[in-house]
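Quick one: this structure, given as structure tokens, is what I'll be asking you about.
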Amino acid sequence: MITRKGCAVPWFDLPEPELVRYRTATEEPEGLDDWWRARLDEARAAAAPPALEPHLPEVYGPLGVWDVEFSGALGDRVKGWYLRPPGSGDEPLPTVVTYIGYGGGRGLPTEHALLPAAGYAVFVMDTRGQGGRWTPGATADSAPAGPSHPGFMTRGITAPETYYVTRLMTDAALAVEVAAGLPGVDAARLAVSGGSQGGGLALAAAALGGDRVKVCHADVPFLCDFQRAITLTGSDPYAEIASFLAHNVHLVPAALDTLRYVDAALLARRITARSLLSVGLMDEVCPPSTVYAAYNEITAPKEIAVLPFTGHVVPQLHAETKLRHLREHL
Amino acid sequence: MITRKGCAVPWFDLPEPELVRYRTATEEPEGLDDWWRARLDEARAAAAPPALEPHLPEVYGPLGVWDVEFSGALGDRVKGWYLRPPGSGDEPLPTVVTYIGYGGGRGLPTEHALLPAAGYAVFVMDTRGQGGRWTPGATADSAPAGPSHPGFMTRGITAPETYYVTRLMTDAALAVEVAAGLPGVDAARLAVSGGSQGGGLALAAAALGGDRVKVCHADVPFLCDFQRAITLTGSDPYAEIASFLAHNVHLVPAALDTLRYVDAALLARRITARSLLSVGLMDEVCPPSTVYAAYNEITAPKEIAVLPFTGHVVPQLHAETKLRHLREHL
Amino acid sequence: MITRKGCAVPWFDLPEPELVRYRTATEEPEGLDDWWRARLDEARAAAAPPALEPHLPEVYGPLGVWDVEFSGALGDRVKGWYLRPPGSGDEPLPTVVTYIGYGGGRGLPTEHALLPAAGYAVFVMDTRGQGGRWTPGATADSAPAGPSHPGFMTRGITAPETYYVTRLMTDAALAVEVAAGLPGVDAARLAVSGGSQGGGLALAAAALGGDRVKVCHADVPFLCDFQRAITLTGSDPYAEIASFLAHNVHLVPAALDTLRYVDAALLARRITARSLLSVGLMDEVCPPSTVYAAYNEITAPKEIAVLPFTGHVVPQLHAETKLRHLREHL
Amino acid sequence: MITRKGCAVPWFDLPEPELVRYRTATEEPEGLDDWWRARLDEARAAAAPPALEPHLPEVYGPLGVWDVEFSGALGDRVKGWYLRPPGSGDEPLPTVVTYIGYGGGRGLPTEHALLPAAGYAVFVMDTRGQGGRWTPGATADSAPAGPSHPGFMTRGITAPETYYVTRLMTDAALAVEVAAGLPGVDAARLAVSGGSQGGGLALAAAALGGDRVKVCHADVPFLCDFQRAITLTGSDPYAEIASFLAHNVHLVPAALDTLRYVDAALLARRITARSLLSVGLMDEVCPPSTVYAAYNEITAPKEIAVLPFTGHVVPQLHAETKLRHLREHL
Amino acid sequence: MITRKGCAVPWFDLPEPELVRYRTATEEPEGLDDWWRARLDEARAAAAPPALEPHLPEVYGPLGVWDVEFSGALGDRVKGWYLRPPGSGDEPLPTVVTYIGYGGGRGLPTEHALLPAAGYAVFVMDTRGQGGRWTPGATADSAPAGPSHPGFMTRGITAPETYYVTRLMTDAALAVEVAAGLPGVDAARLAVSGGSQGGGLALAAAALGGDRVKVCHADVPFLCDFQRAITLTGSDPYAEIASFLAHNVHLVPAALDTLRYVDAALLARRITARSLLSVGLMDEVCPPSTVYAAYNEITAPKEIAVLPFTGHVVPQLHAETKLRHLREHL
Amino acid sequence: MITRKGCAVPWFDLPEPELVRYRTATEEPEGLDDWWRARLDEARAAAAPPALEPHLPEVYGPLGVWDVEFSGALGDRVKGWYLRPPGSGDEPLPTVVTYIGYGGGRGLPTEHALLPAAGYAVFVMDTRGQGGRWTPGATADSAPAGPSHPGFMTRGITAPETYYVTRLMTDAALAVEVAAGLPGVDAARLAVSGGSQGGGLALAAAALGGDRVKVCHADVPFLCDFQRAITLTGSDPYAEIASFLAHNVHLVPAALDTLRYVDAALLARRITARSLLSVGLMDEVCPPSTVYAAYNEITAPKEIAVLPFTGHVVPQLHAETKLRHLREHL
């Protein structure tokens, strides 16, 4: 079928005055805290201690780099990188736990040098199963996968306990706990950070991590207000879910129910960390209202950088804003 | 001209609560019933008896297949297939008259075996002039064609009497009459069925066929609420009309008037058959409001399968729903 | 199915040294001249005299504009415009018969003012059935149309006698004869001209018109070396033929045979007019080898403007080249 | 990122009843008249007399063509064409100053023959720096260019005095003054005309030219209601601005301020010429509300051709409308 | 990055004379038969007996439909449909084992009625993990998945033993064994059949099934000559592999080695069934040379339907050809 | 014009064995060294001393960051960043001069922290006029611009002295000279580095910098073998040149001549630095043969990373390879 006319409007979402007061219409499942506590307890029960190995010191020279492995959901071993500033020895440092965007894995340490150069330790969490589209990954997802759409967003979507995103958020929450125990980490000065999927995971980790997380940076976060998002954008990865349900119409109710358990907009109510988000008013991947859906639930001190003509690619200028925010609040 | 930003919203049409009570704003032309009666009478006057020939019995074996030819609009000979269940002999059977989607012809009998396998006779109507894009056709459209846009939607659009869709709907109405007279057809148990263009034709045939049609199945029907449709979707085939009028601006009033005579949403008021429709809320070819425009005019017993994340491709699961509906109502 | 990688090479056709000596591999059907003579004779036999009517003199002022109607293939009345230079009275003038690109009709006289302003009379032939995509048309194609692909390239393609292009080329040949008889035309100074489809028709008209045509301008001509073209480009209108045959595989031999009768590359051998062609080496609509296929068959004095980085849109600079060529040779 | 679903709605802008009463929300900068007077005075101060040279008389024959050079903004020499009807000698004629669409230059005289053929003189202004995408240009833009997006819409956008569009509108205003002084021009019968960018320039030239301009033709004009336009369309050239600001977020306030000085919708309040505009309700390049934003500010006698199914390509029929309008009002 | 010019050539692969003698350049891994025997033995060792349940007899009426579950690779339970002709009771019938195209699952019985209507039993194998894009599936893939590209083609690709396609071909081979033992199946008259991925699986099942398979129908088969295919087409699913390796460059040698074990072109040497293939010379998904790579290895009696203007969608006419082929050879 | 069929072949360039021995067919202009010496001397003559200012020390903390301005071509002030490892004081360090990809400017220091974290100083050169598409820039291009295509590749292309790329390469050469004189730079240990446009500039700077440059890293370099590139890829930025020449056909010879002066493949013969390049065999932006065109001219010690399934985005793994290469050779 060929489309020839018509304009895709860049400000396709609500007008800005409505955005800033938009609240998600999705209802939180009853007992959500208990449900998540059970998930985390299961994972902790299956956990083995983290393992660290120095990574190519002859290449990275003064920059400290360790290849890490820790236990996430189902006890699966999740990979990560731990980087420390040149010459920082064992000194306890403020530390940022970092999550990766959709399709990518932890990549290489080369991508994560800014914070160590600026004096922070970084703990990068790999994304289970991902890493096949850009930055490489090294972590398997061990759960069996029923019929799913290409991508990760519909794996196990028929129940919250089997859903891929549940496992991923569990990994993210455990990554914070693991980071807190790493040598040279100042457990009282922990931040979480990420963009897109990484932003959604940062929100979830801050929500599930309670007071352990002091600062939360979430750029154009994904995984928020799913039920609205899948009707509002035809872009992947949200669109994977709609595509799956297009033909699996018998699974619509179960899938919509599952999404409520991992909706970062609902989880965001639990965040106590000082939060800095960003939103692109032309973001066709994570539509602005879905970002505000999360932002507007946060009751902790918070700020949002509104980027009126930006899509899903966060401008570099915001990296300096975040660095300044860390300097002031971590 | 290059488009770089902006999101095509999947639920681009009215919100669902407005869809379910949406009524077309197009006014029915005065004397529409008389006008159609004249069309059908002209066609009947020019008609010759249908001809049937067995088709490749050595290939199809127990499945009964006949190559059919009957007289449609202008007396043009229209092709079709008549299929009967294995071992059904001459037994009078409930029969489904089937219409084809846009661009396709009657195709091959291989595509139409489900109903015979399940115990129904089927009469498949070819689509005049079509059959060049996927399923082959075998029927010519004999009317001379003034300037038109590639495709069939603007042929003769300057007057309802010369419009291609008028001829096509006339064929569809006559196909029901012909089917009723075929050997082995139980004329008291006739259904019409089709998807997209086939769905629009099924609605028209049910409307024009009066009590002769007992069940009407129309999936994501085309040919409904034209005047709204051409402003709401940039996808063919509706967009052919807008593309044509983009440059032929002097023909806009005549074309819009013509469309009122063949609007299946207006014709639908005449349907007495028990109807089952389907609508995809993400259908960019036949927008949901245009489907509801037809559905909401039907006063006979009716149901609609609402497919919230589906586009223009009807999920297979709905085929089982339709089969059960036939079982219960034909 | 989604395509993500790979480069469409701009010089996708043969390397230039091979282009300049490329000859079509399609064999001319036996008796092609007789066959075309029969076509033209049939059309002449059905012809009525042309009719001319002044067109909006109060709008066009000094520019002479007549709305023309003449008899083409099947005796169908074909529309046209006849334009004459301001103040030229009845003076016999050199005259250019002009043909239109695919999808367009004769348009409005406003588009055809350059030659009259420069001192030439112009006779613009409308394109039967076309005119629905950009420039409006006003001529119907009266032949019945069997199953065809959207567009005009597959109408009646199963036999040369029923093929749309046969009728179109017949119109083009008769237009030259009609032009020669118009008041104020110097019949000894006739040119044909057009781009794309218009270029293919100019070649055909020059070939079928014998010594009557003195100059032939064909820009990036379509309708040449069909059998190669449909394997070499996926762009419409050539691609209509391949798309049609994709599913109508039983019609492949008949269609390929039909195309030989209207192949402007084969007809070009008959051209005696002084010819000026143009070719874009990046032309994805009318691939360069198919243009050379025609050019290399012409035995009359000829030139070709080779545009190394140009696609299917002829640069304006070439218009000045053509005007100079007319000045020198007509 | 791959987009798979969702429909780009052809009538993506306001519903027609709201369009016809839509007013821009952008506020005019204080002292706009003074500011523009300063711009024009600067340019006049730097101006040298225009130069005319006959262009290829052996090619154009009776049609009078002169290659012109005049001084525009910054004293830059701007090229142009001056065309006169065949046989018109030095007779003072009504004259149309013509501006070109985005990306194109003055092209060749071959493109501008309609009006001379119909009895009008034409003065075509080249577009500084443009001419690399279709019709060739011959005029340089001498201002240094800070970081900008590919294209011309963001050059110097950080201040109104350095903005490219300011220079372009200055050229357009001076072109009218220059035309008024050309030999054979009836300075009391001047019109301005253009489509898209040319339409925006025609509006600006009419506004800045005061009573000097008697008729203004602006088809689907660009450069109107910028602040709304860049949120409403993802198509170039408006989208260049949004793309630039996507990453240069620190420049958003300055850029938005700059745009107010060259907004043809704000300038339009000053037009005294009898005006004829056109608007395509499916125009994704210059959205209909932005055209109405200009139209609704004009207080002079005015008309607008509403093209309900047309995009950004104005139908040929409108050319005849404009010619008739000239005949009646110039 | 924006692509503006250049033509994607429809006959992009080798010229036809080279196609018909093309042989794959990929070398078969040593001990491939032993390796596959081990895979099948492992699966058989883990197998439980198949289970059959009647499916909605009140809906399907005379058509016999059973919902089947059997053990495939790793002992995973694989779903399927078993359909029998109306009124065929327990009579042993010739039976066709059918495999599904990429992204789809077994779908619904409604899609598989042609063969039962024509007198054959059908056993449809579900596709593990697939079913999320069009036809629904019901079978999980239990293996843990390391980093992979969205889709199924890179799951476990770092070793042949862990590769998804290995499991899928194992399922396909076991499906034949299971079908042979179903009640009412004439085990001496078994065929395998499928298109695209289903075609690749049919080839693999015929190769691995030895004399048990009498007829093999493989339309435009996928999974053939991988190493060439991924350099020749940018379309999914082959392109998933290249996309994965684009960033996971360290995995290139292992992945290329893995592909040799499941290359249906290499396996095809083992086929003893009478084979009927089809190839589209414009197939951009499964390029023609990769289909010939398989066809040219088959030493059993064989035919190939060459579709010169067809892409990846097999024309309906070929369905009749296959039915006749079954009639004659099964 | 709508394209429907045909496959863009991922390995669209020469087969690999031909790639590795491919030599450019473009001839070097006579006196190229003298010509470049004149360019550099002109620039040096117009130069003012560089200026350095500390940049946000309260944000970057231990990481040393200076905002730099130096004189490039025409004496224009070019911006840059100078970054030094935490705690490195004034210690002379090996230093990498870095160039940016097309469309981007120097961006923010946040993007350039890897090398300082690993113990190297970095000097990042801004790209004149660029910075409007992703990473922001801060440098103006002061030369007047004749008609050009949107983008930078055709500015001043009618003569080598006025060509934009000449100015850019001059900037790049002077950046090396400036870097050598910065405080804390070990002038005997200088490298140049960049990807795409940055890679082409690195090659040019290494060639023009003589023995001053010890290591050259050029990833998927642009600006190489222009004359072939513009016939081989339809992707920007090479395609800007072809698009410009499509309509400006009179400028083809001058433009092709200009390109010879700035062809990094021709300049590469002068490189004495130890070189590490990378090439993606599926790179549709900088086709592999154009990269080999440069690589095969280098006579210094050299290596090339061949990425068989990679397009224009260099995999992260290569960053580690480059870091190791620096460690070993700088």
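Think of it as A, B, C, D, E and F in the order they're written, each chain with its own count starting at 1.
Here, contacts are C-beta pairs under 8 Å (C-beta built on N, C-alpha and C of every residue); 3 or more make two chains touch, one makes a residue touch a chain.
These numbers were taken from a predicted model, which means no experiment stands behind them.
Fewest steps needed to get from subunit A to subunit D, stepping only to touching chains, is 1. Under the contact definition, subunit A and subunit E share the contacting chains B, F. Subunit B and subunit E touch with mostly matching residues; of the residue numbers seen at this interface, over half occur in both copies. Across the assembly, the mean Cα position most removed from that of subunit E is the one of D. The most distant chain from subunit A, with centres taken as the mean of CA atoms, is C. If each chain is reduced to the centroid of its CA atoms, subunit A and subunit F end up 35 Å from each other.
Subunit E has its Cα centroid 60 Å from the Cα centroid of subunit D.
The multi-chain contact residues of subunit F, meaning those touching 2 or more other chains, are 2-10, 134-136, 233-235, 239, 242-243, 247-248, 250, 282, 284, 311, 313, 315-317. By the document's touch criterion, interfaces exist between A-B, A-D, A-E, A-F, B-C, B-D, B-E, C-D, C-E, C-F, D-F, E-F. Contact residues on subunit C toward subunit D in their complex (touch as defined above): 2, 4, 56, 58-63, 85-87, 107-111, 113-114, 116-119, 134-136, 313, 315-317, 319-320, 323-324, 327. On subunit A, the positions that touch subunit E within their shared complex are 103, 105, 129-152, 154, 240, 243-244, 247-248, 250. Chain contact summary for the complex, subunit B toward subunit A: residues 3, 5-11, 233-236, 239, 242-243, 280-282, 284-285, 307-313, 315-318.
Residue ranges on subunit F touching subunit C, taken from their complex, read 1-10, 12, 230-235, 239, 241-243, 245-250, 252, 282, 284, 287, 311.
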